[in-house]
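Multiple structures are listed underneath, in structure tokens.
Both complexes shown next keep subunit A, but they swap its partner, so subunit B is in the first and subunit C is in the second.
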Partner chain A sequence: MSRLNPFAKLPGLNTASVLLVENEEHFQQSLAEALVKETSVTVSVRLAKSFPLPVENDESRPRIDLVVFIINLTSELSFQSAEASLKYLEPGYFLGKVCFMVTNARSSSVPAERLDAVRRLAASLYCPLLFAEDQTQQGVTNAAERLLTILKVAAGFVPFTSSLYLSNLTRSTLPPDIDQPSFD
Partner chain B sequence: MNDSSKLLLQRIVRRIPVQMLKATLDKWGRLTVEQRQAIDFTQSKWALTQKLLSFCEENGVTLTQLAELEMIHVIENPNQGMWYTFQLLDPENDAQSLELTQFKQQFKCHLSELLRQVSVKIKKHTDEAVWIRIAWGGSFTKPNHLKPTYVVHHLQTPYFFVRNLTSKLKPLLSQALTLATRHQGVKEANLSGRNLTSIRDLLMRQYQQMFPTKYPSPHDEEDQPVLNQYIEKEQGHVATHRRRMAREVFGDGTLPQLQSAVYKLDTKFKDPSNKTMTEREDTFKCVVKFSSINLLESLRSCASSGIASAPVTPLLSSIPLKGRNYFVVTDNTPGPSSQRH
Partner chain C sequence: MTRVPDMDSSENGEDINGVVERGGDPDGSSGQKETSTADMLRIKQQMSNQCFEMEVHLNAGKHRRSCSTSEAERDFSDQISELERVKTLQFNQMLALHRMQMWHAMEEKIKTNDPEADALKVVNERCMAHCCRIKQIQQETRVLQDEITELQKKRLEMKRLTHEKMKEMEDLMSRKEHPDTEKYKAALEKGQANLEKYKKMSIMAQNVLRGILLACKINWLDDPKLRDVAMTLEEFPITD
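Up next is the complex of A and B:
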């Protein structure tokens, strides 16, 4: 079982690479288009549905600086697919190079347990948890901006900061009353 | 002209849109050139009707000739109303060599034997379709031309399409057609739709199909434009594969327009989280209906975008493969089956 290794390759010059993993393959397209608009660095985006990634691309794939799991809260399959993909990443990624992005959190059809489960997962892995709004252009731009902040740190473009330092500030924590029943 | 002719003319003029009225009247040919030029097509329909009534009275147009006018219009615009398909079974030895005059004679003969008061008009269209217009009467009533049944049949094929037939008269029509086409039985083909050309194309497979190949040509694979050199898909081949499978099942290019697909489920309830329903002995009956402006197009995009799982389930792929849109699903068979097929 070949895992994705964060430090096995050399980085590209002035390039940051991000891998967007989404089961529905829907939001990742618009997010990618917003990400590549960044001018100060060259952002290279790779899109995948789930792990394991095809072995044929191993040679041509650049060093992935950040892996983003996009979870659509309205679908249980989305969450399960993201969870199952985690074991294909080397542990080195979990030192600030993995991020969870959740869409449709405001939808009323979402059971509260699913959001709690995502929170627990992010907290247990010490990863940041971002909420994104994928229906409007503004929402996509905002999500891309926040991702770019984390991506620039993970790719080493921000001096005196590494992704491990940043993860201390951005990692998701569980609210203390997560086990209490909610009153929605 | 008597009342029923007047009513029929009124109905016809009301039904035909003004843009097509001129062309239809020209094709009908029962009005002289001066009369046709005298009609002002910008008037209201009521004024048009009065004018046409007076012309028809001048020329002595009969009820059957008016029926011909209606038929011309329907042949030009077949995609209205609801068409149902029937299939003829067990052809006899000379069914393949049936030709038009024999069919016409036999059909009129059989139908008038069954029901004395019936008015039949048969016309052959340029694309080999035989159109039959039937106005039904009762034992003592004259044929009612306001509610005609239209039947379309392609000779030497086992299918015919019917519009506007009541269930009381269905056995009469079935018997007359079965005998006239030299078959021994008829059954419902479970395909219905608003668009006659589409259901005919679907049944006779006259749409652009894609056949499975082991070595797909590069032209087929090149449908997704390269969006951005910085965005790359890791598992692009999965999407291409899905798209190809959807196109293999549903066809390429423009697809015939079906409006709905109905599945009648007669299966046991299966849901592990719901014990009370699963424990019941008898089957759970329900009807699932998919409706859309163009059902096959929506199913194809469902399959190619991944909403429906690929390979396409036989429940959906039976629609184009078997040419049906009404299925009865029971527990014994893995795919959809009909009671008699």
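Up next is the complex of A and C:
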């Protein structure tokens, strides 16, 4: 089982590479389009459905600075696929180079346990958890902006900061009353 | 892969300290490629950041010590809480700094007399008015709250008194028959015993008198005094 290694390849000059992993392959398109609009650095976006990644692309794939798992809360499969993909990543990724992005958190058909489960997963891995709104253009732009902030740090573009430093600030924590029934 | 960290870690060592001084160096590069001086600096900074990360990862494996899981857990949670403490400290300090910056900016703005400053002044006045009102209302709330507390205290006191009185009454009710009836019973019995005694005495006396009257064959109908005495003899039944 070949895992993705964060330091197996040389970093690209003035380039940041991000891997968007989404089971539905729906939001990653619009997000990728918004991400490449960035002009100050060259952002290279790779899309994947789930891990393990196809072996034939191993040579051409650049070094991935940030892996983003996009979880659609309305489908349980999305969450399970993301969880199953985690074991294909080297542990070096979890020091600030993995991010979880959640869509459809406001939908009423979402059971509260799924969001709690995602929260627990993100908190146990010490990764940031972002919420994105994928229906509107503004939402996609906002999500891309926030991702870019984390991506720039992971690719080394922000002086005196590394993704490990940033992960201390963006780490998601569990609310203390997560086990108690909520008020909705 | 092993070659790269060795080469770059030395460059990295210089970089972290001397990144400012190196600014003057790549002057001639603007003519060579499309990338400008600033871009070159940025790229160099990026590379040094990446190398720093790789170096950290390499060094992470060097300081290993074996310890039990619980000790590791403890150390880990200690360090996490230390991290959290520093985070909150830094956050609060940033907030304070931002506050100071904002106030300074607002001051500067108000000193200039443009229409924006006027709008700012108007907003300021409104805020002050609101604050005064808030203070007033808070004062009133406090007074009302005190009154409520007083009333509640009184009510509680009343309840307590009522409770006490009820208990007293119940006590009295249950206790009243007892001492009275006891004394009463004793006196009653004594009186009754006395009555019986005197009754017996009088009956005996009457029987004796009746016997004497009959035996002596005294004509008591004619004498009124004797007749009264003889009449009273009929009142009590002859016992035994």
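Definition applied: the second predicted complex is superposed on the first by the 184 of 184 C-alpha atoms of A that agree within 3 Å, B and C clash if a C-alpha of one lies under 4 Å from a C-alpha of the other, contacts with A are read in each partner's own complex, and residues count from 1 in each chain.
The rule we apply is simple: a contact is a pair of C-beta atoms (placed from the backbone, for glycine too) under 8 Å apart; a residue touches a chain by one contact, two chains touch by 3 or more.
Quantities reported herein were computed from a predicted structural model and do not represent experimental measurements.
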| item | value |
| --- | --- |
| Clash or fit, subunit B versus subunit C on superposed subunit A | fit |
| Geometry of the superposed three-chain model: angle at subunit A (Cα centres of subunit B and subunit C, steps of 10 degrees) | 110 |
| Partner chain(s) touched by A:L53 [first = subunit B, second = subunit C, both, neither] | first |
| First (subunit B), second (subunit C), both or neither touched by A:T42 | first |
| Partner chain in contact with A:A32 - subunit B first, subunit C second, else both or neither | first |
| Touched partner set for A:N104, first subunit B, second subunit C, both or neither | neither |
| Partner chain(s) touched by A:N72 [first = subunit B, second = subunit C, both, neither] | neither |
| Partner chain in contact with A:S81 - subunit B first, subunit C second, else both or neither | neither |
| Partner chain(s) touched by A:S167 [first = subunit B, second = subunit C, both, neither] | neither |
| Touched partner set for A:L10, first subunit B, second subunit C, both or neither | second |
| Minimum C-alpha separation between subunit B and subunit C after superposing on chain A, in Å | 19 |
| List of subunit C residues in touch with subunit A within their complex | 1, 4, 19, 35, 39, 42-43, 45-50, 52-54, 56-57, 83, 87 |
| Subunit A residues touching subunit B - in the complex, by the definition given at the top | 19, 24-25, 29, 32-33, 36, 42-49, 53-54, 57, 61 |
| Contact footprint of subunit A on subunit B as seen in their complex | 227-228, 230-235, 237-239, 306 |
| Subunit A residues touching subunit C - in the complex, by the definition given at the top | 7-8, 10-11, 13-14, 92, 155-159, 161-164, 168-169 |
